[in-house]
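Okay, got some structures for you below.
Consider the two complexes below, in which chain A is the common component and chain B and chain C are the respective partners.
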Partner chain A sequence: MSDTVRIDGVQLEVAPGTTILEAAKLAGRWVPTLCFDERQAPFGACRVCMVGVEGSANPLPACTTVCRDGMNVSTEDPTARRVAGAVVELVLSELPAAPAPHTELAQVAQRLQVGAELRWPGAVHAVDHDLEHPYLAFQHELCISCGRCVRACDEVQGAFALTAVGRGFDANVAAGLDGGFLHSSCVSCGACADTCPTDAITEQLLLVGGNGNSAVAAGV
Partner chain B sequence: MTSERFTSTATTTCGYCGVGCRLEAHADHGRIVSIAPALDGPANEGHTCLKGRFAHQFTRSRDRLTSPLIREGKGLRVASWEEAYARIVSELTRIKSQHGPDAIAGLASSRATNEDCYAMARLMRAAIGTNNIDNCSRVCHSPTSFALRKSLGLSGATGSFTDIDHAEVAVLIGVNPTQGHPVVGARIKQAALRGTKLVTIDPRRIELADYGVLHLSPRPGTNAAVALGLCHVVQRDGLTDEQFIAQRTSGYEAVVELLEAYSPHAVQEITGIPAADIERAAHIYGEAASASILWGLGVTEHKYGSEVVQLLCNLALMTGKLGKPGSAMLPLRGQNNVQGSSDMGALPDTYTAYRSVADEAVAAQFEQAWGVPLSRQKGYTIPQMFDAAVAGKLKAMYIFGEDVAQSDPDTAHVVEALESLEFLVCQEIFENETTRYADVILPASAFLEKSGTFTNAERRFQRVEPAIDPPGGARTDFEIITTVSRMLGHEMGWQTPWDALDEIARLTPQYAGLSYERLGRHGLQWPVAADGTDSPTLYETRFETADGLGHFAALPYKAPGDAPDNEFQLVMVTGRVLQHYNAGTMTRRTHNLDLVDRDWLEIHPDDAARLWISDGDRVSVRSRVGQTQLYARVTPRIEPGHVFTSFHFPETRTNLLIGQSADVNTACPEYKVVAVDVRPMSEQPAFTPQLVSA
Partner chain C sequence: MSRNLVELIRRHDGIAAPTALDLLKESVAARGELTEEDLQRTAAVTGLPEATVYGISTFYDDLRAPRGERHVRVCTGTACFAATGGSHVQALSEGLGLDLGSVRDDGSVSLAETVCLGFCHSSPAVFDGEVIVAGPGAVAQVLSDSPTPAPQPQWHSLLPEPVLTRPGDWSGLRRALSELDPQQLLELVVSAEIRGRGGAGFPAGVKWRFVRAAAGDEKYVVANGDEGDPGSYIDKYLMEQNPELVLEGMALAGLAVGAAHGFILVRSEYPESKPSLDAAIERARQAGFLGERILGSDFSFEITVVEGAGSYVVGEETALLACLEGLRGTVSARPPFPAERGLYGRPTVVNNVETLANVPFIAARGAEAYQALSPNSASSGSKLVCFNERFNQPTVVEVPFGMSVRELCENVAGGLRDGGRIKAVQIGGPLGGILPAARLDTAFDFDALAAEGCMVGHGSILAFDELTDMRALAVHLLRFGAHESCGKCFPCRIGLRRAHDMFAADAPVDRARFEQLLETLELGSLCAHGSGMPAPLRSLLRHFPQELSLA
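On to the complex of A and B.
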């Protein structure tokens, strides 16, 4: 049993339950993502993986939309790309500095060609660092609330040390009762730093010994 | 994530525990700066623990050995490689001519690659002429190897870690995966959160017990009675797979007869586990469509450890829970290459794939390949080596990658043995307790600096690739061993470890299809057929015993080698913690030390109150053979009457407390049952080195 879908004109057979994002990958087509990590269940929070689907009035998120038989998908649908670009631009507008070039956020922004000039300047997050843990560094101002670290902690490691906190502009991530990694149930596995798309959580060793392309090393 | 932050990246296999995580090791101008999990690693699936990911700074520790050292008078001095090699060759040649080849022994290492271990075994067998070769799996999973071969045929897990994902029930006995095997621990926890029922059996209430449906706390040393009790209920209540028993096994009748004596009430008397819990555990396991059994050193490091593994095999055999998805027997191996070091024949009685040194056809095959006559005589096991050294029969040892004076039991006896030797070579990355007695110390390389293969706990050969060069004048173990062999007159004829792998494949039918290319990124699980087909699941249709049947073993419970009495009232169990690794040689030279800086003695609140011990107090711990000092951690996770400590810090020398009692079949030490006397220390003597308080 399989479903037939078309992704940018490429026809392929997929197993029932396959998401559009998975099908696009099989078809060799790129879909921008920000809150997605293949090690975690799809979350559908960031709205960057939008694609056009024939017959749908609005773009749909590729990571959480399951393929239907006969579905015709356009990954480069202009409306979908405009939405994705705007989301990334809004995310960038809250950061006090451009994300380091190696981060997933910087790479998605570059690919979507946004961020060189921000149309909506305004309030940016205040620098707030927690460097107490020997390996893990928190740079809270870089948090975009994608939830990947929280889900890595829950779904990959099972330490349940991280929590989403705050609302709106103040949304962020906290370890334990916001006392930092060392005072939480953190087991220092580093899955959060591994998945973080902005270096809001990163490795201390990369900050100290790195090449100065992170916010801390750059003295932001 | 790719980036210009790194000048090179090597995809390799972790050198800490036996899970075998695939890693992307990123270096910047010759220094490891970051390690990330490989997303396609079959064992770790994009995850790793704090040891694999962060504990790499030891590679550039200023303590690293970077040039050979040789003994001169009472001290050691820096020497050139030529001088060190010359000393080794002249001393080994002298001892061999004066006392014969059996006066020399070598130790390979479960930390090293398969190719290093194979080369070391060949060095002892072909260049020296003795079967005195063993490795540190002797002191951890040799009972597992012995028992699995007896019961099922092959010395390895019957399935793969993926079986954990498919199991309806997982029984964990004598293993604490979230501490000892963190990535598998995380996998088990996720499975439990999805609905897999966990039954945990351990004297301590391990973390996974909180995610399970039932926890049993047996008295240390009574695992056999637990296994027999489970089998009793399974048999009594008809939870057996009669067809499987009839078609695929032998020896069941004797077991049924034996089981009569192990009613849940009888087992409660021995183990302290409530009879009702034995009944429940047996039903949870027996009624499941698929169930796996996982165990660790809490099963093996006992006087009857190997027998307990055989009894666990009985349980799987009588319920037919073998050879199918979700129903596996998974021993969690302690070190990265415990599986491989023994597979490679770094053992006193076997060549590769556990073929006996007395087997004429096998020995002849190796004689032809190596061009030298080979001994058919079994060599010494590690404990026998120490006994022989003390008795004056063993004159020289070549130890690589094992700190026997820290890790092995009865430290005083080990030290006496090392002092008795005329000549000791240590091949290490750091000086340690054992190198104090060395005549020559050779600076070797860590797993991030060498190539070859490790074999993980699911029998998976995986590639190891160098991410950085060995520091200073240090060299790879492979280069050192092959050079020593050449200088002793036996040319192994290999340029790289991959040439050795080719030889291993050529001379071992079980590994026939192995090659560098075929291993690729994902490795291969042995047996590997000549066409490269590997074996994620064993025994789907037949067992690998001589008659193709699974063998039941009718083995009664017997009391452990030590027991509490009036003088030594508590039973001590030892084990690992998440943040450190074995003798701590590597992890103590990283920031893991900031997370845990000492060994703790876990003690139940009732015992602590009775002994006037408070949390954080310094206590004295005395056994029949030794004494040490520790800080107490009062916790209800341990049962009253038991205490627990780790063995990561040389300041503690936990193994001073361990006696000579060992597994009856494999000589694996009984680390897990030691009667001790614990008491508070009224004041701290001035000579005690003070650690920074936590």
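On to the complex of A and C.
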């Protein structure tokens, strides 16, 4: 049994339960994402994966919307792209410095052509670094609360060393009882650094080696 | 929410064991703050990771605000704003010599804000230690250290035969157990076409059908008593003055969907609600309406009352379930819906307290009698509405749908006090649109209000008089929105803060940019908090643009 869906005119058969995002990948179509990591359950937080669906008045998030038989999806629906671009713009506006060009955030912003001008500038996250751990560095001001590190630690590694903290604009991520990686149940697996889309969590070596773009390397 | 954590909780403890949130609340109550030892002990007792416990401790207002020996919480809800324009907060802060969220050096007094205490009939309200004081003299009472408990609101019904203001007598459950099978009861609720009273207006019977059809023997009923909508004290009335009706509705839901356990989440801002419900549960157990083999039938049903810890978004159903599990009260993407995977991963029906209070009548009298309650409207059943302190008769009133908002404001609530005139009313809570005085002839029902960009929501009717500064109201609403954002989805987390800052700045607001931001919130947000907060702002832009200092 399978469902037939059309993604940007490409017709394909998908297994029941397949999400629009998975179907789009099968169809070879790009959908922007920030909180998605295929090793983790869909989270639905970033709202950047918006797509147009025929019959739906408003765009829908591709990562948490399951395909229905006969669904007709447009990944480049103008409204969906406008919302996605605005959200990425908001995310860029909360960082004290532009994300390094190699990061997922910078690449999504570039592809959506967002960031040259920010319509809603304002408060940014305070610089706060945890550099105590021998391998892992955490630059909290670059955290966009996508939850990928927390879920990697939970769903992939099972170490549960990380948590979302605070709420609203002040949301962030902490290790252990906020004592940093070194004083938490972290097993130094690096799954968090591997999945982080902004380099908020990264390997110490990369910072010391200096990728030239991080706040730490810049001596902030 | 994390499936691993939920499984961890279930494997470690039975559902009766205190949650991490319960333990953290106890620690704060005992010592006024959380220490590292408190967090470690909570992790050890619950079996949860330390980081998870720390995350919970940073989410809820009740755990975050520092407490002195005397903890004073001032209400910054919208009814209190309508009453004073916010001057009561400043007066209290100056009088105590404390900023919001601070504690005196000697630890004697602390001041925090809270939204809202449900004393919207008598604003402003202050929770001083264990006592809620309210009304024009509230601040003076607190400052003179002579707090007197404020009187509770009155209530009455416009219906010839009250439904929601009639004391619960378990007649619906009696009939259901003696004359109906669970499937028949379910179909009765479906055909009564009762729509959810907590804001979203989803048909309750349809929800029940999903839960009944869901696989698994273990299912739950959850009553949402987290009436966080500023201006609303309807669920508070039901839980405190008519708890039997709510419990009976929960038992009927359990019977219809095949659940043996129900939970009610009540707000910590309503200190009387949990004791009232607990006492009613005990009376019902004694009388054989709750417990094992109810009234000699095969049906058994238990109810547990859980108190929250200060978070508006916990009123959203997935966040509510996370709070009941003792975790951070953040929203989860659906699917899976609670009907399929809800409390502790089990199929769960989540209904608002007032929705459930309608069910006993439906069970006792049938769907037709229920639909006939509002002859002049397509919406079925009756509705509790409540009025804020600006009105001459600020009470809870049971009304049929279909009356005009003007009739409700002028005839039922007696117009504004001191000869004041209505500038606008906000209906249904902070996510509801604002109706200007010129549109008061709009009918009070689901469809007519929706056509005006408004909603029935919780049923609160909150009047602003002619002195109200509409730009200050915009700042007030957006401050609430930003403060209460759970922080999960990006548009709400960042967008509400930006929207607030645009209006709070001492400069004209760029209307085009602001409306682009509203669209992002409306179309992008994960839950009704982010997508709904633009509604009253849209109303203000539409009806009061000249008062907002727009560019």
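Here is the rule we use: the second predicted complex is superposed on the first by the 218 of 220 C-alpha atoms of A that agree within 3 Å, B and C clash if a C-alpha of one lies under 4 Å from a C-alpha of the other, contacts with A are read in each partner's own complex, and residues count from 1 in each chain.
Just so we're on the same page, a residue touches a chain if its C-beta (ideal position, glycine included) is under 8 Å from a C-beta of that chain, and two chains touch if they have at least 3 such contacts.
Small disclaimer: the values here were computed from a predicted structure and weren't measured.
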| item | value |
| --- | --- |
| Partner chain in contact with A:167 - chain B first, chain C second, else both or neither | second |
| Partner chain(s) touched by A:134 [first = chain B, second = chain C, both, neither] | first |
| Partner chain in contact with A:158 - chain B first, chain C second, else both or neither | both |
| First (chain B), second (chain C), both or neither touched by A:116 | neither |
| Contacts of A:38 with chain B and chain C, given as first, second, both or neither | first |
| Chain B versus chain C as contact partner of A:91, first or second or both or neither | second |
| First, second, both or neither for A:184, with chain B first and chain C second | second |
| Between chain B and chain C, more extensive residue contact with chain A | C |
| First (chain B), second (chain C), both or neither touched by A:59 | second |
| On chain A, positions contacted by chain B and by chain C | 155, 158 |
| Partner chain A, residues of chain C touching it in the complex | 2-5, 36, 39-40, 49-55, 58-59, 311, 328, 330, 332-335, 482-491, 493-498, 501-502, 513, 516-517, 519-520, 523-526 |
| Chain A contact footprint on chain B (complex, rising order) | 1, 3-5, 28, 31, 33-34, 36-37, 39, 45-50, 53-54, 57, 178, 182, 186, 189-190, 193, 578-579, 591-592, 594-595 |
| Sites on chain A touched by chain B in the complex | 38-39, 101-102, 104, 134-135, 155-158, 187-191, 194, 203, 205-206, 209-211, 213 |
| For the chain A and chain C complex, residues of the former touching the latter | 34, 41-48, 50, 58-59, 61, 63-64, 66, 79, 82-83, 86-87, 90-91, 93-94, 119-120, 122-123, 144-145, 147, 151, 154-155, 158, 160-171, 174-178, 184-185 |
